[in-house]
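Chain lettering (A, B and C) follows the sequence in which the chains are written, and residue indices restart at 1 in each chain.
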C-alpha cells in the first residue's frame, strides 16, 4: 500500500524553488531511489519531505496524513525520519548515547536499542565507543541506527554512501534494501552512485532540473540507452 | 560659551579619536579590541612620565605615548591576532585589566591610586585660563579632525577594501595572496597607537590621572560610540562619539534632578542607561545611525553587523 | 602545603562559574562575559538572604543559586535569545554591555560599599600543620559537590545527554526530535545556578562589592580556557590551575598582581597552543 504520496511538490530555500512539481509514491517495504545530476534538486526534495527545506506548493501525505503543516520534529514523530548526508552523528557522544538521545521522550529506549542492534548487528561491536572516533562506514551505520531509533515508517536517506569506499557502498545499499524488506520500511534514497542504487532499489525516479524526467522499475531504467546522457542534463 | 561646554567638547574630542581608532580595528577590520582603556591609559601615563619625570616637552610626551601604544599593540597582537575574534576580545580585556593593575601598584612610576600630576600643558604657557581651555580644545579638535581625515582616506583606499574583505571572511584575501595576519597586525598597532595618542591628549588636558580614569565604563562608551554611529563608517564614529558624550554628560543633568537618589545611584543609573542603549542598538539597529555604505562594502557580502 | 590548600580554596570559588561558562560556550558558541555579573548577583542575593534576612548561609546559598538561574534565565530570554544566530563577537559584546548593566543595577540597589556575610565566628583548625578555616572547608566541599553533580547530570541522565547532543550538533538534535529550545533553557538555568553558587562561595571566603564583576570574570574565563572549553571536569581542573598560579604569584612574587594571573594564564595557553583551545575555527558557526 502507498505510504508516502507526493503531488506537484514545489520546494526550495526561502522563496527560490529548486524542486518544481514532483509527483512521487513510496509504498511500504519498497526502496525508491532518487537519481540525477548534481544540483537537480534530489536532496532538496528529500529535505522538503523531512521538513528541513521549505515546501512552496503541492502536497505530501504519509499514510494519508498531511505532512506539510508539520515542523520537522513532528514529521519524524509521524514516521518520516530523515538521515542527513553530513554531520549525522553526535561525535562527542558514545554510540549508545547517540542511540539513546535519538529516542528522546520515549520510555522504551532500551527495547528500541535492542531492536536496532538486532537489525544492524555490527553496531553491537562499537556500542560504547565515542562516535567521533569511528571509521566512515561505522559512522554512517550509527547515523542509520539513530534514524531507526525513531521506529520510522518511511526512511529518508540522503547520500548514505558519500565518502565511503566502493566496497562499503554496496554493503550500505544492501543493508538498506534488507531493511525495506525485513522491517517493512518505505525507503526514499538519494544516491550519487546511481547504478549501484538502481541495482538494489525497486523503483527509481530520475530528477533533472527539479523535474522528474524518467520513472519506473529501477533495474529497467538503468538499461535504457540514454540513461547516461540524463546525468548531463540533456532531457529527452 | 561657558567653560563647562568647552570642557565637554574637549572630552568629546578625545572620545572621537578613541572611537575612530576602534572603528579602524573593529568596524573596518573586525578586530574585537576590548582593551581600549589599556592603550588609552598607557598613552596617558607614558606621556605623563615622559614630560614630568623625564622633562620632555608635550610633543615629546605625545611621541612617547604613540610609541608606547604601538609597541604594546604589537605585543598584544602577536599573542592573539591569529586567533578567532573571541580570543582577541578575551586577551585584550585581560590586558586592560592588567594595565590598570600596573597603574595602581607601581606607585614609584605612576603615583598609584593617589594620581599622577601632569603640569606640562599642550599649549604655550602664560595664557589666561579661558584662552588655555580654548586652545586645548582647538588642539584636541585638530587631532580628531586629522585622525578622521586620515582614516577616512584609508577606508576608501584599496587598503580599506582589503581590510573589509578580511573582516567578512579572512579566507578569501589569503587565497588571493594577501597576508591577512600582516594586515591585521598593522591595523591593530595603528589603532592602539592612536588610542595612546588620545590618552596623551587626555592626560595633558585633565592634568591629574588616576587608574580609575581607565576602567571599563570608558571602554563601553567608546564601543557604544562606534556601534551607535555605525561600525565601518568613520563619520558615524565621530557622530557616535559626540552623541555618547552628550548622552553621558546630559544624563548628569537629568538624573541630578532626582533628589531622592544619592550620587552613587545616579552614577549607576547613567551607566545602566548607557549599557541598555548599547544592547538595544545591537538588537534593533545593528548597522548604527550611519550604516557603512553598500558601495564601499565588498560587493557580494553584506557588511558586518556587530 | 599551605599554598596548595589556599589554591584549592580559590579554585573552589571559581570552578562552578567556570563550568557554567563552559556549558554556555559549548551550547551557544559565544564567550559570555556577563558570567562575572551573574556571580555578583549570586553574591548579593546570598548576602541579602543571610545578612539581611538572617537565614543560615547554606539556605542563602541555595537562594543565591535560584537567583543566579533566574537572572540568567531572564537575561537569556530578553537579550541573548533574540540574538541567536548572530556572530560570537556580537554576543560577546552584548554580554559585556549586559555585565555592565547588571553591575550597575547592583550598585544602584546596594551601593558601592564592601559587605560581608553574617557568619558565626570560628577559629581555623589545624590539620597536619596546615591552617584551614571552616569556611574554606565548606567552600571546597560545596564546590566539589556541585562539580560532581553537574558531571553526573551531564553523563548519566537523559537531560544531560540531550544537553551534550545539542552542544555537539544543534541541527541534528532538531532533526532527531529533541526539544532544543527547552534543553537550551535547562542549560542556561544550570549555568545561572552555578554562577550564583560561585557568588556565594566568594562571600564565604572574602568580602563582596559590585566591583566583584570584573575581578572574577577574567579568572573564570581563564579557568575555562585552560580547561579546554569542553567539559566540566576540564573547567574544574582549569580552575585549580588558575588558583594555584594565583597563590604562587601571591606567595613568591607580589599579592598585588594576583589579578593579572588570569591574563597571564590565557597568554601562556596562547603561546603554547597558538591554534587555541577553543577548537578550530572551521567547525564553528
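For the reader, a short list of remarks on this structure follows.
To be clear about the criterion, a contact is a pair of C-beta atoms (placed from the backbone, for glycine too) under 8 Å apart; a residue touches a chain by one contact, two chains touch by 3 or more.
As the structure is a prediction and not an experimental result, all values here were calculated from the model.
Which two chains touch most often is answered by the contact tally, and the pair is B-C.
Distance from subunit C peaks, on a Cα-centroid basis, for A. Chain C has the C-alpha centroid lying closest to the overall centroid of all protein C-alpha atoms shown. Rounded to whole angstrom units, the spacing between the C-alpha centres of subunit A and subunit C is 43.
Note: centroid distance subunit B to subunit C, computed from Cα atoms, is 30 Å. If you average the CA atoms of subunit A and of subunit B, the two centres end up 55 Å from each other. Shared interface positions of subunit B, i.e. residues touching 2 or more other chains, are not present.
If you check the complex, the residues on subunit B that touch subunit C are 30, 32, 34, 79-80, 82-87, 89-91, 93-95, 97-98, 101, 104-105, 216-217, 220, 223, 227, 262, 264-265, 267-269, 271-272, 274-276, 278-279, 282-283, 286, 304-306. Only residues 50, 52, 72-73, 76-77, 82, 84, 87-93, 97-98, 100-102, 104-105, 146, 150 of subunit A touch subunit C when the two sit together in their complex. Taken together, the subunit C residues at the contact with subunit A in this complex read 158, 161-162, 164-165, 167-169, 171-179, 230. Across the complex, subunit B is touched by residues 30-31, 33, 79, 82-83, 86-90, 92-94, 96-98, 100-101, 103-105, 107-108, 111-112, 214, 217-218, 221-222, 225, 254, 256-257, 259-260, 262-264, 266-267, 270-271, 274, 276, 278, 281, 284 of subunit C.
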